[in-house]
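Across the two complexes that follow, chain A remains constant while its partner is chain B and subsequently chain C.
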Partner chain A sequence: MTQPLLRIENLAISIDRPDGARQPIVTDISLTLEAGETLGIVGESGSGKSLLALAVMGLLPPVARPTGRILLEGRDLLAMDDETLCSVRGRRVGLIFQEPLTALNPAMTVGDQIAEGMVIQDGLSWRAARREAITLLDRVRMPEAARLSRSYPHALSGGQRQRVGIAIALAMKPALMIADEPTTALDVTVQAEVLDILDDLTRDAGMALILVSHDLGVIARMCARTLVLYAGRRLEEGLTRDVLTMPLNPYTRGLLRAVPRRQPQDGRLQTIPGTVPSFAALPPGCVFSDRCPERIDACHAAEPRWTYPVPGRGVRCIRAPGEAMP
Partner chain B sequence: MTGLLLRRIASLVLTLLAVSALIFLVMDVLPGDPAAIMLGTSATPETLEALRRELGLDQPLVLRYLSWLAGVATGDLGMSYTYGVPVAGLIAERLVVTLPLAFLAILLSVAIAIPLGVASAARRNSVVDTAVGFLSQMFIAVPGFWVGLLLVLVFSVSFGWVPSGGFPGWQAGVLPALGALVLPAIALALPQAGVLTRVTRSAVIEVMNEDFVRTARAKGLPRRKALWRHAVPNALVPVVTILGLQFTFLIAGAVLVENVFNLPGLGRLALQALSQRDIIVMQDVVLFFAALVIVMNFLVDLSYLALDPRLRGRT
Partner chain C sequence: MIEPPLVDIRHLSRDYASGGLFAGRHVTRALTDVSMTVHRGTIHGIVGESGCGKSTLARLVMALDRPTSGSVLFEGEDLFGVSARELKRKRRDFQMVFQDPFGSLDPRQTVGRIVAEPLHVLDGKPGRAERRDKVAAMLEAVGLSPDHAARYPHAFSGGQRQRIAIARALITEPKLVVADEAVSALDLSVQAQVLNLLMDLRDRRGVTVLFITHNLAVVDAVADRVGVMYRGRLVESGPAQAVFARPLHPYTRLLADAEPDVTRFGRPDRPPLSVSAPIDVGVGCSFRNRCPRAVARCATERPELRSLGDEPDLRDRQTACHRAEVLLDAETSE
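Showing the complex of A and B:
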């Protein structure tokens, strides 16, 4: 078997609280991603999606303490010093941020922000890198790429800024692209276009893509595989097609009912009742048990194990069908 | 943008006018008759009256103000009562000491404050940060002229590296002249550097948490490069603002420090003129200081345009 592009083994991330205690957030994440594969990570706000994305960039905030292994092309990111990580960031793995407004430096032209990585990491001259930046802006379908490359972020619209964000992440042709809610801050019409660009570019370049979103609709459209996250735990994983048509976890079913459809069965959307519990006050046993419509007494007894009911399909729920070999 | 510039220049001129009127009024109510001081105690009332008429002191206040203003506008600053020479020449002579001194002090305070502030922000809560915090506190707390005396004790009296005071003039060569200005410039710069260090530190700490610094890191920029290329340029606006505000204190400090170091600068000129009631010199020098401060603030406003592209393209 060849080495996968990304292999996360037993990743857990806790946060140092101001009172000195450690609050576990992300727990027991394992996954593999082959070159060129697309994986969607879906979960409600606060489920730990961004922490997971930042961990794969080696950019966790200082208060975050990761354990486990994140193997990118066989090398453990969590064991690397910062200098080595710098050579990985941008070149092997690129990140697109959620907020195109704040993610760009207001005092530097967008062309230079795209060119910078190529100059500092790949040793290109500024001239060559700026020319390359214009080509990249063209590829993210920026109108008047040459002129706009010399403008500052404030002169661009939200959609244009996010294209710049994609061009920055794309500049050094990473093998893995991580997009952390790339369209959440955009208008609906612009959203579709930005997703389109992202889809085309990663497909053309054969890049693997991890798309983080709280919107199952976005993931259904973009990703071959889906991982459902809740309170820092994976609740379900599998081919997107399978997860959507045959969800095994009640939480996934709840998320599905909350996706807008062209013809709603009963005319309105259902939401999952209740709110995400805080990490300091998780219910005993299954983390979803306080909101789960299918809860039984046994759900409170102990946290359900991660099981593989069907090969290539993972779920965490005591009521899911029995385990098969992974 | 040109509209903005024109508006700023217009307000600059108006401010100068208001300041000039204020200066003139204050000088007028100041006790002491210049004519009496010039002629000494033995003067007769007749000669006093004649001198007053000659100096134009018998004219009404508004007329005197307008004629002074007209003179200033045409470059004629009047004649000094005590030196008997044109004030313009006096100021020019002293300016070659005070301007280099102020410039050197600004340069020094920036050269001290930016690296210290950035280093302390980058290693927050470390030993470096604590040491820098202590140092800047010291700079702020200890008066500049006292630092000046201390510097003289150490570097001229004990080591003999630089003169303890006086100014050889630029004709003596650039190095000896600069040597005479170094200690006074340090004395002027340290309190400024203390404040600037703190401003730089807090501005950089704030910017370091911005998303775009993380974007820079995601490109693979090392911490240092992300700091200097992305965080620091965006932290400069508050630093430059404080620098502009401090300029007033720098001028005030120059008056003190020039006297401590016995430098023939504008500050000394102002103090001498004050003690001799050479009102015309005082008016001109104070107006000149005010103009310097106002122009400096104008330059600070202009620098915002260079530092923050968001302000360009708006009017």
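Showing the complex of A and C:
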């Protein structure tokens, strides 16, 4: 049996609170990702999506206590010592950040920032690594790559900085790329270019992509599969087209209805009442039950199980079709 | 006599000088000859990419900055022609809501004080009891509760903070609210709540909103009219729904096509966006290097904002494109 690129089994992450108590954040995450696959993770702030991305990167802060397994090419990231982890991340997993300006070193040319990893990890000479950096900048369609590789981040536009961020992540030829809101800070036309670049990389280089975004349009454009997170739980998973056209969970339906779109005259947008609860104050039973328009009494009784009503399609809701109604 | 429009922007330009230490000084023109009218009780959207001058326009309309040339008439009076004293008095009539609901509220002040703050600069400063009543009424108007006034900003979520910022902007009962990317930092489910609030305030209180954003879908959902800006110029204007349904400027078309949509799956079937060569924006159309429909004339002659005719779906619309008729024919035959 071949091994998937990434397999997450029963991952849970809690955080040590200042008062000594443990606060569970991410609960019961399992997923697999094959080489070349694209997975979208949808979640609003407070959904635990960024903590999940950090866990896959092996970059959890010391206060985070993970349990379960994160198998990258068969090796458990959570069981590795720091030294082994250090060679795996960066080499096998690349990360693209939301804010390209704060993610770059302002006092180093962008070419050297791309080259740095290749010098340290691959033992390339600076001269060879800088040459390689220009090739990478070319690959992310940076105009005048050779000249711009000698410039500093402040001299670049937002779209150019994000291209540099992608080039840095690409330098190690990662098997898996994690992009955390990579285009949120960019204009729509620049966003389209950056998404095209990521799309080419997954097609041509067989790189797997996990794209974290709150923008359902970006997910529809980029990802074959989608996972919907809320309050640290998965509420729904499946092929993107299925999830966005036939959502099984009321939260996904609510998100889709809240997408701004042309309204009839004087029409109002549909909203999800209330706000995302804090992890310390989750409602009893289903975590979405206090905001759910379709809740019944049984929703407060116990947290719904994760079920597969259709093969390849997961949902956490007692009212989803295929689930026994009480 | 006809009542003047609430805001009449006339031939507004703003230059910024930069450089001087290492490089030679040079002047950047952030806004060039922008004219538009904002009518009472409407939501007027301004869209464009970063650097298009939309925030410069907001600062000028708020009289936070002076134009290099041109004027902003507020209820028929030039904001830059009145005395400082007069301007201060006028400020109660226009307020601003900023993008970042975390950075724009002082964390050490109670919500009650934050919301009441604009009242302190008014001439007839209301007394303590009256201030408290006004704050309570305003918090209710934006969907918060009066007892939230005693709490501090950290106790509120992003959407609630933006409501607090809106309450602060509305407390002087302004005629105009300038919202600069006011919903961009909010989660989807909360964004819709704040957009509905703006529409309610327009319908119930007759508030006029100048709504500045890079998000076309948001403007399409809430705005009555829209102006599309590119490189400091207004390139298209008209009723929001008509503009997005049938753009009369290739740039508007480009923006609409680039916007991700939850009903379009996979990579769109379009040619890759070309990397544009730099051009001299001093002559001709400043969009010509990215324009699929550019012709020789576009490089030599500046397109002025013009109307395309009096037919029902073209009335009230303007575009700054030599090729608008060609674009219109192509759209119609599609």
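FYI, the second predicted complex is superposed on the first by the 312 of 326 C-alpha atoms of A that agree within 3 Å, B and C clash if a C-alpha of one lies under 4 Å from a C-alpha of the other, contacts with A are read in each partner's own complex, and residues count from 1 in each chain.
Heads up, the rule we're going with is that a residue touches a chain if its C-beta (ideal position, glycine included) is under 8 Å from a C-beta of that chain, and two chains touch if they have at least 3 such contacts.
Just so it is clear, the model here is predicted, and its values are computed rather than measured.
In the superposition on chain A, A:L244 contacts chain C only, with no contact to chain B. Within the superposed three-chain model, A:R141 lies in touch with chain C and out of touch with chain B [touch as defined at top]. Touch criterion met: A:A103 reaches chain B, while chain C stays clear of it. Look at A:D199: by the touch rule set out above, it reaches chain C but stays clear of chain B. Looking at the shared chain after the overlay, A:T275 reaches chain C, while chain B stays out of its contact range.
After overlaying the two complexes on the shared chain, residue contacts for A:A302 are found with neither chain B nor chain C. Common to the chain B and chain C interfaces on chain A is no residue. Chain C meets chain A in the complex at residues 49-50, 157-160, 187-193, 195-196, 199, 203, 214-218, 220-222, 241, 244, 254-255, 258-268, 272-273, 275.
Residues of chain A that touch chain C in their complex: 44-45, 141, 143, 158, 187-193, 195-196, 199, 214-218, 220-221, 240-241, 244, 254-256, 258-263, 266, 268-272, 275-276.
Partner chain B is touched in their complex by these residues of chain A: 57, 59, 82-83, 86-91, 94-95, 97, 99, 102-108, 113, 116-117, 120-121, 152, 154-155, 165, 168-169, 171-172. Of all the residues in chain B, the ones that touch chain A in their complex are 210-212, 214-223, 225, 229-230, 233-234, 307-310, 313.
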